[in-house]
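Each chain gets a letter, A, B, C, D, E and F, in the order it is written, and its residues are counted from 1.
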Amino acid sequence: MIEKPVLIKEDGTRHDGRKSEELRPIRMEVGVLKNADGSALVEFGRTKVIAAVYGPREIHPKHMTLPDRALIRCRYHMAPFSTSERKSPAPSRREVELSKVIREALEATVFTDLYPRTTIDVFIEVLQADGGTRTTGLTAASLALADAGIPMRDLVAAVAVGKVNGVLVLDIDELEDEYGEADMPVAMMPSLGKIVLLQLNGVLTPEEFKKALELAKKGINEIYRLQKEALTKKYLSYPEE
Amino acid sequence: MIEKPVLIKEDGTRHDGRKSEELRPIRMEVGVLKNADGSALVEFGRTKVIAAVYGPREIHPKHMTLPDRALIRCRYHMAPFSTSERKSPAPSRREVELSKVIREALEATVFTDLYPRTTIDVFIEVLQADGGTRTTGLTAASLALADAGIPMRDLVAAVAVGKVNGVLVLDIDELEDEYGEADMPVAMMPSLGKIVLLQLNGVLTPEEFKKALELAKKGINEIYRLQKEALTKKYLSYPEE
Amino acid sequence: MIEKPVLIKEDGTRHDGRKSEELRPIRMEVGVLKNADGSALVEFGRTKVIAAVYGPREIHPKHMTLPDRALIRCRYHMAPFSTSERKSPAPSRREVELSKVIREALEATVFTDLYPRTTIDVFIEVLQADGGTRTTGLTAASLALADAGIPMRDLVAAVAVGKVNGVLVLDIDELEDEYGEADMPVAMMPSLGKIVLLQLNGVLTPEEFKKALELAKKGINEIYRLQKEALTKKYLSYPEE
Amino acid sequence: MSLTPVQTPIIPRLKKEKIVSLIKTGKRIDGRRLDEYRPITIQLNPIQKAEGSAAVKIGDTMAMVGVKLEVGIPYSDRPNEGVLQVHAEFVPLASPTFEPGPPDENAIETARVIDRSLREPRAIRLEDLAIIPGQKVWIVFNDIYLLDHDGNIIDASMLASMLALNVTKMPKIVSIEGDKVVIDKDSRGQKLPLNLNVVTVTIGKVDKYFIVDPSLEEESVLDAKITVAVDSLGRIVGLQKMGMEGFTEDEVDYVIELALKKAKELHSLLEKVLKNPEEASKSIV
Amino acid sequence: MSLTPVQTPIIPRLKKEKIVSLIKTGKRIDGRRLDEYRPITIQLNPIQKAEGSAAVKIGDTMAMVGVKLEVGIPYSDRPNEGVLQVHAEFVPLASPTFEPGPPDENAIETARVIDRSLREPRAIRLEDLAIIPGQKVWIVFNDIYLLDHDGNIIDASMLASMLALNVTKMPKIVSIEGDKVVIDKDSRGQKLPLNLNVVTVTIGKVDKYFIVDPSLEEESVLDAKITVAVDSLGRIVGLQKMGMEGFTEDEVDYVIELALKKAKELHSLLEKVLKNPEEASKSIV
Amino acid sequence: MSLTPVQTPIIPRLKKEKIVSLIKTGKRIDGRRLDEYRPITIQLNPIQKAEGSAAVKIGDTMAMVGVKLEVGIPYSDRPNEGVLQVHAEFVPLASPTFEPGPPDENAIETARVIDRSLREPRAIRLEDLAIIPGQKVWIVFNDIYLLDHDGNIIDASMLASMLALNVTKMPKIVSIEGDKVVIDKDSRGQKLPLNLNVVTVTIGKVDKYFIVDPSLEEESVLDAKITVAVDSLGRIVGLQKMGMEGFTEDEVDYVIELALKKAKELHSLLEKVLKNPEEASKSIV
């Protein structure tokens, strides 16, 4: 058993030098794949996720068709080399659960009633996992949906807040997740002020929970700004290239 | 390896005090579930089984439809906590076989030609296994079919006869099954005198077989009486409640 | 770890006494099964394979139908007792690959456009594996297709060439495969001079490759002769029996 | 892959409209208040062969839990702790919409929410469940079996789990030789060591209204729901937002407050039952 | 889940009626008596790589069995005995109605009926197959492979199993160091230790009539059937009623008596073949 | 079972005809010569958590490989060697025609062709990867992940595999006690020992014409194709004919010669990239 590392240093900074309310370096690129109708690559620190959207398109088998709206199909999946120990390619129970909560978060924003009898497929591949993969994946998926030209109420921006040595910290990484006391992933449609994903893996007092949610919101607003920048960069700066 | 316990005591009684031709205490309750169209809970001693029937209802996928009769689908399944060693939830080969022989026993009694193009689904869940689970399950399933109002030629009543220390005994439990020489489950439509399930797991001489079958019949007649009582209690005593 | 056996003796013969360019004893029997539309049993030494063809017949599920040609479905499968270590009955990755390359070899010869909207099913069962099972299986499958009366451009005859102690040898067996330097299975439509299967598992210089291909062709021509004999024996000698 | 679920069984549109319009007036179709649970019935130890078991009915939703203990190998990153395994099976007996087969995403989510809610506050003293540190530990299987589905599966499953764990008695260890541990399944001694209790409270959202413990009919009209896990110290030890709509921050605050209140009631119920098991336990299965 | 089977391949109604009406006059469509087996052909050791093997044809039904021996771990409740594993594969080559994939309920039932019929009378001396008691024992794999299905799969598979086990020779043990057992698959010595032989007799019921060894066409008109396993001491060592109808007690008595009689014939055949293997063994595959 | 594939996505007939007629005049739809690769872009070590990794684009086909090293048990017939495991996943993100699920026959074939091409010429010095001979060895997982499919998957996957293996650094062994090996995943030391490099060259056949590195559109008009694996010594170390047509002997000879020529170019590229990784590596993912 490895000794618990120092997560919060004496000066209040975190193991990687960040302040408690600081995001990791974020990279977003839209339209990175040729075949997909929309795609995006998003990195939060070493966490690297690629998302692709296919659709709206026909459904096979037909009997799964919904008469009044588009079906959303969503898969969150980890590459075998994305984790410290090699991950078996078969979908784990964790991947099944995360595919569901990510899908539900996206259902809230897509205008599915515009495309009855079709499917919109969202594929999220975690290429490197260093904490916050579901929130990074959701952030990437909403960019990929935008890239595919699918009408949405708002983008979805997401981040995980953690509690580490009693301190609430923004955008926890794997080390903080492993040795910390709580990991709370949050996703929002920021302009609409709606929380579309909320989970808690850990222990918080009701007061801590309130503060954690505020902190998440702060991070989400910054991520949202970066998302809009990334889309602008692709679509508006195009003529300048 | 555990030493073989005393199965037949000097006074001829069995390890649990029963006489050789004595059934365990039996409990039957009909209509125990809300969602199912019919249901029954049956206990033989510590063996506890619940059965539910759904149907006649539509079949998906459609191509499995039978044009001239109802399809019967039957699943015998054990809860993971029902056995001494935890049972893996994946269906074992044993469960596959028992689902088949139980289905075949029920096929003999249901008037399937009354409901062409439908399915009648029978689900048997073993909650606690202490010997005789297939016969207890079949007894419960036929009560559940009756509770669902599905026309039948007769109820099916079932019991296992064993050979233990050379003695034929009625309604063997798990301990007797494990250390005994034979386990012969038998199911009948008692009024019609038809044997609809017959298996033998063990060694019997032809003479012993004849006696064992007689003994099974005796037990089945008693179980049949209890089944009718349980149905009467639910359906006829209703106004008195 | 077992010591490497002597594969090429001082007189140039192989461990089983064969010369380098010599086939193993070959047995071919056509029409060995009752149910199949066509069947053949082929032995190359101790390698024993049986192949059956069903079709052209209807496809289930329907949506797999091809409008302009017959679908070919092909399964190469090994019996659990066919190998030294018992083989698990679940299809291995190797069996999946071999099913594909065998199917592709057969696609080249069958006039699939004569039977649109049907399937032609080819089942190859390896009963004993002693090297060259895919080539023996393909040889048997083409006989079974002929036996089923399915029009073909040509028969497919196949053999594996090996490199053993630096010597190119025809029709390698398991021992030679295991301890040799290369195993190159080749299948041809001999009259048409077309190579329809070609794989290499090992290392060859470009010159060796050319020689190996020549050697394979030599063996294939002999196997082709035996195939025609086996078919003649069944179909032409029939009245004499 | 997770797919948009098809609404089944189909509840008639008129009924749905009635459920919603009632809720908007603060009432519910079965007469409950918005913040009221259905009647809860409990049976302790219905399965003698399990090391501990419980059946719980919330209204007509019926869940069973059997706890089994086996000797096994610890996780390599927790060599000195026992292992907790939570599984849930939604067997086809429980609902016309359930299919036989491996657990679907809903069963997996239920099991994982309960697993986390037990694990994070260290409800079970896993550190006391090592037998030979680093080599052999107790594996605690908490198997949830849903028998009748009338809505709010998670709360019923959590209650049954917590009760079953509370009445679990551990098999006796007969001998330890080298790394071989022999146990006697038939004689049980010590209670499973627990630190505290946990309950979950599930609250559904319909428009701007919130209902506790939604029934199956009510679930068909929910926009979304949140399950809040609360331990006996009043801490939030798990959260899971479900469903295809969002919550505002204010709504989340309201839900949390309501959940904390209802959790206290459930904790009282738990304590009452465990103090007087004979009296409180009814026959369910 | 077990489902009512669809009758395939479809036998024309007229043919079915003819089969039934013939049976009612004591005759069969292939000219046999009601209590008569089809011709039985046997090949011993067609698979040299197996420790023992046999192919059996009953009429056009063709079954193979290969027996493999490997070193493995005993069951924890039988630490001093070898392990018997019986598996059956109904490969799609054998019938237009078989699909590729894991064994279906019929293949599983066949394997399990044969497994019990061998296990219960202790046909194999498993107690002689421990190598290091409690740790390493012989695993006997009895793999049934159906190559052509023309009815009565069980009897053909049982005969092939019994013959293959009789001709099985065990691999030599080269060395035992600690709990490591090294064997030499290529040199075989001792015969597999057996106590006795077992055969099965399958009897079909059509109306009030009973036919031994039903062919595939006949199986399509059966109401039900019973397989009776009989050992060389004349004891009943297994029973399996199959099919969607019942039997009266008198009918069961009749079936048992008939089965005991036919079993004697099959045991004689077995003995004859095993006494003069060269003479009796024909080339099948 | 292997099935005749359905041609998807459907390329319009007119486009197909154009592709073919161009090829017959020695030209290609994207302006390449018949024997010309598309532009190749390479990124080394995009995944820091893998022991080695690479991303390769050939035109728009994008493949990644991550190499992981773990401690495991050797194959019983190679007790003193490490184990190489090559897997390929064609995730549904990469093409509208890919489905989630276990690898299909194309993914399995790709992995197996690359596995053999690495194994046969002993590209990896597996004999240097035993830790405790006969008991513990390094397992090398070479996981291929296809991210965008625009034809010629095998060559891109092979290049990415070879590059990833070249930049792989092995985790440090912290301690060996008995048969327990403790490693430190976070500190990496020695390079993975390699003997030589291997590349594959895939050549498609259209009528009597041959094209190197077919794109996805071109693959839809191919009669057949051959992948030739060539090591840095110029030897043929793997061959796989694919597709539903045959080749004459002369055609095979031509293909081999062409492949040997193109392989030299790919080997030069490999060497150049590995000599100046910083310069040659571009950002792909």
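Assume contacts are C-beta pairs under 8 Å (C-beta built on N, C-alpha and C of every residue); 3 or more make two chains touch, one makes a residue touch a chain.
Every value quoted in this text rests on a predicted model; they were computed, and no experiment measured them.
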Fewest touching-chain hops separating subunit C from subunit D: 3
Chains in simultaneous contact with subunit E and subunit F: C
Between subunit A and subunit D, centroid-to-centroid distance (C-alpha), Å: 27
Centre distance in Å when subunit B and subunit F are each reduced to the mean of their C-alpha atoms: 57
Centre-of-Cα separation between subunit B and subunit A, whole angstrom: 51
Subunit B residues counted as touching two or more neighbouring chains: 75
Overlap residues in subunit E, where contacts from two or more other chains coincide: 1, 100
Order around the closed ring of chains, commencing at subunit A, then subunit D: A, D, B, E, C, F
Touch list for subunit F against partner subunit A, complex: 46-50, 53, 60, 62, 64-68, 70, 87, 89, 91-96, 100, 102-103, 141, 143, 145, 147-150, 185, 285
Touch list for subunit C against partner subunit F, complex: 1, 64, 66, 69, 71-75, 93-94, 96-97, 99-104, 107-108, 112, 182, 184, 188-189, 192-206, 209-210, 213, 217
Subunit A-touching residues of subunit D, taken from the complex the two chains share: 1-4, 6, 77-80, 105-106, 108-109, 111-112, 116, 120-121, 224, 226, 231, 234-249, 252-253, 256-257, 260
Subunit D-touching residues of subunit B, taken from the complex the two chains share: 32-36, 39, 41, 46, 48, 50-52, 54, 57, 75, 77, 79-86, 89-90, 121, 123, 125, 127-130
